[in-house]
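Have a look at this one before I ask anything.
Letters A, B, C and D mark the chains in the order given here, with residues in each chain numbered from 1 onward.
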Amino acid sequence: MLFAEITYALTGIGLFALGLRGALLRRSLLGRIIAINVCGAGVFMLFVAIAYRGPGQAPDALPHALVLTGIVVAVSATALALALGRRLRDSDHE
Amino acid sequence: MSDLLGILFVLTGIAFFAAGSIGVLRLPDLHSRLHALTKADNLGLGLLCAGLAIIDGGALNAVKLFLVWVLVLAASATAAHLIAQQALRQADK
Amino acid sequence: MTTTTQILLASTALLLLTLGMGLARAMIGPSLQDRMLSVQLLGTGGVAVLLLLSPLLAIPALVDVALVLALLAAVAAAALTRREVDDV
Amino acid sequence: MMAVQLWQLLDLLLAGLTLGLGWAAVSGPDLRRSVVFFIAFGLLVAVVWARLRAPDLALAEAAIGAGLSGALLLSALRDEPDAETSDDVRGGPVAALVSLAGLALAAAFAWVMIHTLGAADPVRLADQITAQLPNSGVGNPVTAVLLNFRAYDTLLELAVLLAAVLGILALGPARTPYRAAGPLLDGLIRWLVPLLILTAGYLLWAGAHAPGGAFQAGAMLAAAAVMLRLGGHTIAGLPRPPMQRILLTAGIAAFVLVGVITTGLGLAFLQYPGGWSGGLILLIEAAATLAIATTLALAYIGGRPAGWVSEGSADTTTKIGGRD
């Protein structure tokens, strides 16, 4: 096993746990959305770490393609969540 | 020989970065910190780009590196102004 | 592994350490502008790290990534400073 | 020998900084502070992708993680009343319990991961990708996976993006636009927007053989839209709504069209005829770039721009459902 693979995979797991904790403990929607994004970044990092093959070796392209689409889906999901939140607040204030 | 020159540039660049960071960390107020940052990191990146271009030796890479530096220079100058402007506006309020 | 590569590698590690120091300012604050300032330092520093990684990993495309990061750091700076301006 | 240790030091530093910034982004109480740290986090994650030899991801993360997401959160923060920009994080025994559970979960994941990674080498899809790359019509393995080997998945992903933006458009009108920019910001926009568009074109073209492609190019175009909106351009440089509709569906339309034609030729859905792969992929990617850019720009605007709903219809009453 490669040192970098382990280091970044563990970092990914750490970010996932941090994000999950934040999503559960923060009260505001915006704070939770940020936390979920950090959580997602942790998952992506685990994927990319596993795809790593060591110095001078081409990494596995399949997880890269998955994560690439994941990044774009994450940002549109974030935008949708923010729009939902705005709608929710507007109807609360009525 | 050219590697030696390149390394010298890179190391000086890193030293400027370090100076900038220490300035950002230690200087007493926002405006002097901004001043330290823009001076140090732009000069640092310029030296670093020059050093890497010398080590690489390729013309295309040198052009790209130069482009990156000019971009960062222009962008960070504007950004520093915007941050300072915002801080002043908030102080006025 | 040539000496040049080793020195570049050590420089990258040193640069990361430096950026960590700058980020301490982001943690301390106290004002939001102080935090933005360290983000800007991180943007320039990130560009520098990418440029150093390019020869170290032998991936020429990382220079393109550095270019994109430089452009987007400017977008982020504009977005960061814009918010408050509109409040006045 | 020495170099190995230096790499390890570098990895530890990078990982530590990433974790620190992630922690700062999720811990309260000030939301503005969280957003600033989240932007910094995105910048650093882009560097991590570069370190792990994933330049395609580094490009996308630099554009989206460091730029678009931050701008999106900032414009949402602008709508929050000032009282709600501070967010107290729950404390007490519940928090302690959640933290402990999170720690246990992380430890369990780490244990599973270390045991799985150490296991015997399974059949690697990577080898098949490398073997088939010469037949894919492109030289970049990530592009080959996205637009040839797993083109069907990418088609459906574009559908997911469309669904998300339709949701946003259905939820309400656009956010309040920004006022016209001052001379300083205006000067920045003047040179940054053309450069962003130029870079988008370059990344689209480069994607066939080098890092880049539709997602990265689309994100760069969307960043140009963000800059324009920040400068006071209400619809962020987008064309009129009828054209927006066409652009939103362009990616899916190109995919389906190519798929139907290949089926008509007696091949499988999206099985490109020999020799045509490169051209067809570029065609689909160009359409997908426009669709992704329009999607992300509309997502940033955060609702329907003026002109999406015809006069006299439901748009004047923005409230849904009964309000009794």
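For this structure, a couple of remarks:
Simple rule for what comes next: a residue touches a chain if its C-beta (ideal position, glycine included) is under 8 Å from a C-beta of that chain, and two chains touch if they have at least 3 such contacts.
Remember, it's a predicted structure, so these values are computed and weren't measured experimentally.
When the C-beta contacts at B-D and at C-D are tallied, the pair with the greater total is C-D.
When every chain is reduced to the mean of its CA atoms, the largest separation from subunit D belongs to B. With centres set at the average Cα position, the gap from subunit C to subunit D is 20 Å.
Distance between chain centres (mean CA atoms), subunit B to subunit D: 28 Å. Subunit A and subunit B have CA centres that are 30 Å apart. Multi-chain contact residues of subunit B (touching two or more other chains): 71, 75, 78, 82, 85. Multi-chain contact residues of subunit C (touching two or more other chains) are listed as 19, 36, 38, 43, 57, 64, 67, 71, 73-74, 78, 80-81, 85. Counting only residues that touch two or more partner chains, subunit A has 55. Of all possible chain pairs, those that touch are A-D, B-C, B-D, C-D. Residue ranges on subunit B touching subunit C, taken from their complex, read 3, 6-7, 10-11, 13-14, 17-18, 20-22, 24-25, 30, 33-34, 37, 41-42, 44-45, 48-49, 52, 55-56, 61, 64-65, 67-68, 71-72, 75-76, 78-80, 82-87, 89-90, 93. Of all residues in subunit D, only 7-8, 11-12, 15, 18-19, 22-23, 25-28, 31, 34-35, 38, 41, 45, 48-49, 51-54, 56-57, 60-61, 64-65, 68-69, 72-73, 76-77, 79-80, 84, 87-90, 94-95, 98-99, 102-103, 105-106, 109-110, 113-114, 117-118, 124-126, 129-130, 141-142, 144-146, 150, 153-154, 157, 160-161, 164-165, 167-168, 171-172, 175, 213, 215, 218-219, 292, 295-296, 299-300, 302-303, 318-320, 323 touch subunit A in the complex they form. Considering their complex, residues 4, 7-8, 11, 14-15, 18-19, 21-22, 24-25, 31, 33-34, 36-38, 40-41, 43-45, 47-48, 51-52, 54-55, 60, 63-64, 66-67, 70-71, 73-74, 77-78, 80-81, 84-85, 88 of subunit C touch subunit B. On the subunit A side of its complex with subunit D, the touching residues are 1, 3-11, 13-22, 24-28, 30-31, 33-35, 37-38, 41-42, 44-46, 48-53, 55, 58-62, 64-65, 67-69, 71-73, 75-80, 82-87, 90-91, 94.
Every residue of subunit D that touches subunit C in the complex is listed here, in rising order: 2-3, 6-7, 9-10, 13-14, 16-17, 20-21, 24, 32-33, 36-37, 39-40, 43-44, 46-47, 50-51, 53, 55, 58-59, 62-63, 66-67, 70-71, 74-75, 77-78, 178-179, 182, 185, 188-189, 192, 195-196, 199, 203, 206, 210-212, 216, 220, 223, 226-227, 230.
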